[in-house]
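Let me give you the structure first, and then I'll get to my questions.
Labels run A, B, C and D following the written order; every chain starts at residue 1.
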Amino acid sequence: MSNVNTLPPGIFAAADYIDLARQALEEPVWHYLACGSGREITVRRNRGAFRNDAILPRLLRDVSAGHTRCELAGETLAHPVLLAPVAHQSLFHGDAEFATAQASAATDTRMIVSTLASRRLEEIRPHCALSPWFQLYFQPRREDTLDLAARAEAAGYGALVVTLDSTIQSPGLNALRAGFDTRRDTDPVNLSTYPGPQPTQLRRDQSRIFQGLMQHAPGPDDLRLLLAETRLPVWVKGVLRVDDALMLRDLGVAGLVISNHGGRALDGAPASLDVLPQIRAAVGDDYPLILDGGIRHGGDVFIAMAKGANAVAVGRLQACALAVAGPLGVAHMVRLLREELELTMAQSGCASLAEITADLLQKRPE
Amino acid sequence: MSNVNTLPPGIFAAADYIDLARQALEEPVWHYLACGSGREITVRRNRGAFRNDAILPRLLRDVSAGHTRCELAGETLAHPVLLAPVAHQSLFHGDAEFATAQASAATDTRMIVSTLASRRLEEIRPHCALSPWFQLYFQPRREDTLDLAARAEAAGYGALVVTLDSTIQSPGLNALRAGFDTRRDTDPVNLSTYPGPQPTQLRRDQSRIFQGLMQHAPGPDDLRLLLAETRLPVWVKGVLRVDDALMLRDLGVAGLVISNHGGRALDGAPASLDVLPQIRAAVGDDYPLILDGGIRHGGDVFIAMAKGANAVAVGRLQACALAVAGPLGVAHMVRLLREELELTMAQSGCASLAEITADLLQKRPE
Amino acid sequence: MSNVNTLPPGIFAAADYIDLARQALEEPVWHYLACGSGREITVRRNRGAFRNDAILPRLLRDVSAGHTRCELAGETLAHPVLLAPVAHQSLFHGDAEFATAQASAATDTRMIVSTLASRRLEEIRPHCALSPWFQLYFQPRREDTLDLAARAEAAGYGALVVTLDSTIQSPGLNALRAGFDTRRDTDPVNLSTYPGPQPTQLRRDQSRIFQGLMQHAPGPDDLRLLLAETRLPVWVKGVLRVDDALMLRDLGVAGLVISNHGGRALDGAPASLDVLPQIRAAVGDDYPLILDGGIRHGGDVFIAMAKGANAVAVGRLQACALAVAGPLGVAHMVRLLREELELTMAQSGCASLAEITADLLQKRPE
Amino acid sequence: MSNVNTLPPGIFAAADYIDLARQALEEPVWHYLACGSGREITVRRNRGAFRNDAILPRLLRDVSAGHTRCELAGETLAHPVLLAPVAHQSLFHGDAEFATAQASAATDTRMIVSTLASRRLEEIRPHCALSPWFQLYFQPRREDTLDLAARAEAAGYGALVVTLDSTIQSPGLNALRAGFDTRRDTDPVNLSTYPGPQPTQLRRDQSRIFQGLMQHAPGPDDLRLLLAETRLPVWVKGVLRVDDALMLRDLGVAGLVISNHGGRALDGAPASLDVLPQIRAAVGDDYPLILDGGIRHGGDVFIAMAKGANAVAVGRLQACALAVAGPLGVAHMVRLLREELELTMAQSGCASLAEITADLLQKRPE
């Protein structure tokens, strides 16, 4: 945990924060942050997916009126980079989510606050300028889920983002090997008033996974109830399949985050970028899709847009910048990412996000 | 050879047993275990094959009644992971096959006992709960082969698994270089009463392979005789071709183990996973197929199922766990593998093995 | 900066100059030279692209009258290797562009002098034998651009090469990290009489890229004006798209340099070689195309020709040879590259560049 | 240069001779042997090509009458492995070609003696049992070429193998860097009575390659003359194109060696294995084709056969074995390679070379 709030020298790219974070963080926390689940197959796929397409520069275009304004579900954002919900931010900086919220305010960036934040959602809210969104994990008891949603609504959050792909989560293997201990090292204060899952007594022929952890997994009715009870738009995060995307859209979900939880949920899942085009094709042009997973550079943002995303979210970059330089670091990282995107747009002759179309990409030969 | 029977700390995944085994075993034995034949092309293919498909998670499925029960040739197993026949287990632990059998009993796991076991098949049997299967190598004399089969039947084994892909076997090159010596280091007690192959006197224009070692190789008639003489179901292990699979099914073979002997038989053979779909397509949905080769994680088991396997078998993981922590190690490894499978199923919304279908996989782009 | 003018021993291939330059140059300059922009994705693509095709040797052809004469836009060159415009050559050798010009004269090689040369274009000209071309960056003020063009024409340059793909340029990240500072380390003397870009005062909602740097980016009218005002043939450098190529040809541009600025402009752009065939197919056989990017060996020149280039240009090899051995080095590098090309031609039975056709290439299997 | 004639311990595979040779040889000679031309692109392709196909084992086949007898141009050889023409064998062993010839006699192996042998062809012949073939380089003067052919015929050689793909040869770059000097280190005694190429006086506009080295390159008429003048069957080595193959067959050439000179001629050429199928398809089933390039294991021989070769030739393995253990080493290497082939045949159920068909291979997925 750090309290540094100054920019270190020698940062020229958003991704530079990664190496610096590795140096700044204690090893268990670094591994907790960097790890994916299992063998990290999906972590590698996320990054590798951005190398399969080249960007074709266009010449002599006038981009002097260019901008990165992003229309997302009826709102206009200054740029399409969101701060993904990152849990337990006190691991990375003494001011935790307050620091991130300040960076969000300084850079016109939408922040998505995690259910597992280290600070109370009501206290985070005032640090934000733009109304943040609240990432919601379904709780074992329905009333607690609805209470969390009501609290977010009351506190002035702009939307709920329900994460559905990680009903079971555990730290990556390297984090466990390095001694990271979730109970000891984290404190999800937003859940402190809820009872939490009751330990299930399992028979010998029952499974710790199916009859244990998955007892509390939400089903379609839980989502329907939430949609009925909240006035906030509800997004769903963790979608990788076309049929799930269509089902969720038809249920009234406001938009989707195409995501594999940064490779932290099902190891072996495809890169989120690789499923984006088929989901975009299925849901049509007008349904909002956010992509996360593997974004390290503004050029990656460009590629995600060209493949059908309306916006992107960054998690690891955010936590790394927070660890290295607190609110200033997160703000700086966002600015660098945005300028990298603008540079890519300028060089490919795009004056707005709407001009970033699939024909600007070229598949690599072979 | 080890007699350790306690779990070492820091094991979070079934595959963690591999590195620990490398440390626990003397070098010649480690190389004997780890090696494939020849240049180990097939060993690498086995592992690599599991990286060609991604698993698509599904959301909001109810898996609270989920289980891994496996219907295999009319029987119901608690889970689809079998202990592949591993020869010479006294190399890995002082209790040899007895230890493995105890782990099998503790975890409801089917064990397949090797012809080349370090303990007598009659003495291994009582350590098992679930009736084990007996892996059978054809012997130079037909009567010895039938005697082995009769002994397995008499001792209460549930099936025979005839290995046909390794009529010629020798330790891998690294094992030979490290000084592993099959005659000195192993003692196949189940064969002690049979005369063994007579040394052939070869003429100069004859081949040590064709006129020597292959003289004793079984032909279709040997298999037909065995099928006629035994009351046990007969499986065949080592099948990689569609025509062989159909021929064996038509001969009355009970099921097949799609296998390249863990890369220890014909080096250059394809990954067993890569031929599985075409064999499944040829034999139809109802003919039982077990896959081995390259499985290191429950996610690999999932992929094998999605491509048409009814169950899988693990050899190297088994021997590694045995070397590291004896019966406890093998039991722990099986439990970890099973939980990894359950986790993958839960995250992809599969409540039973039957729901693991090919549409849950997505080929990697390119 | 070096003043060495003798050939070091042990150079057997043009590419040998690269390793020697790494040793000869101070680290910031080496990184400035070697770096691409961003993550150097495009730098790697440029080099990798030449490995995707094999060259099929042909037997028994008579090449005793063979030559490398190159018809380019109505002129005949001794060979198809041009010296690409390399900026700031005083970084590499005390005689800077004078040295390169001397090498050009010694080897019948066309030199393209950069707008950002360290020596005045009027003073470079006399060192060349063959009339050099002048690479032109559009200046913030139109009159300055036209003045540069007029000076080149007056000094006896043979053509203008307008670079359009790098309206924004900055040193690569490794150069910045190593302390390279463009303002301190370079002096573009040819621009000393022009005012340079006026610092723009940006509002908070304006972008340093779009409303700042891109204000001065040229548009089609700038190019049309130049075409109307100069008597020199005008080439365009930095073309990677078919539509841009057709548009430029139709505007009256004399020919194109298919280039991604050696991976120094838009990182993420495709290898220039990979887009060459589609551009050649679109513009027809008679429109002149030069390729640069990734050429390290005469075999690469051959492949570029087979894919549709009329000539190639080398930048990094040129700067490396200049750094290692001054004019002698550049001349030697050109000779080596040319002999490597001749050797490849001889072995594939080509007696002239026109005989280097696409059917001499074979795509790699898979 | 070595005179060792005993087998070192620890050799279990033919390819083991490579590492031992690296230790046994002085560095310049090792590099001369191991190097390819240029950047060694083709050397790597040769080896990599054998990894693109898997071999499908077949079960229950009777191979007890199996053999490796090879029908080649009307003759029956004990096995399909030939000793490729390797120049300058005194670099590798004191007995040079005499040692290789003795190994050939001991293992029923056809040896192809190089024009550049370190021993007189007439003196090598008696060491062979099976009549060797003579590899012929065209000499600057036609009468010298015909004299060489006549000498080979008179000495009892069985065929001529005209190498056409390396009219220009030079040691690889690493050999040059290590100080290898062809003139100093080698002595092509079979050419001592011929005048050799006259140094050409080149004008400034002439090319050392085209007007120098290629003046002496043979054309179709040279080949026709040789075919008319000799009574020996004439093979051509170095063919990679379908059109060349058909042209040579139609000229009356007895058979072809599909080869890229082990990656020592045109760097950038495809793997010889990769062009074999298309050439086999073009010339039909009955025209004899030998393949060399990249063979390190009997499994590679099997793959070459399955893709259309009638026999294979090994060069580097031969020279390595010669360097390590003289005639005994070469004989041992041949025996290992043959047994590796036999093992592969046995495991895939092939009792003769004719049964090694393309359907035994399976392309790797992706």
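Quick note on the criterion: a contact is a pair of C-beta atoms (placed from the backbone, for glycine too) under 8 Å apart; a residue touches a chain by one contact, two chains touch by 3 or more.
All values reported here derive from a predicted model rather than from experimental measurement.
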| item | value |
| --- | --- |
| Same or different residue numbers at the chain A/chain C copy interface, by half rule | different |
| Most distant chain from chain D by Cα centroid | A |
| CA centroid of chain A to CA centroid of chain D, Å | 59 |
| Chain centre separation in whole Å, for chain D relative to chain B (CA means) | 42 |
| Chain D: positions in contact with at least two other chains | 364, 366 |
| All touching chain pairs, where touch follows the definition stated at the start | A-B, A-C, B-D, C-D |
| Touching residues on chain B, where the partner in the complex is chain D | 38-39, 41-42, 45, 49, 52, 164-165, 167-168, 173, 176-177, 205, 207-211, 213-215, 217-220, 223, 236, 238-241, 243-244, 247-248, 260, 265-271, 274-275, 364, 366 |
| Chain C partner contacts - residues on chain A that touch it in the complex | 10, 12-13, 15-16, 51, 54-68, 78, 296-297, 299, 302-303, 339-340, 342-348, 351, 362, 364-366 |
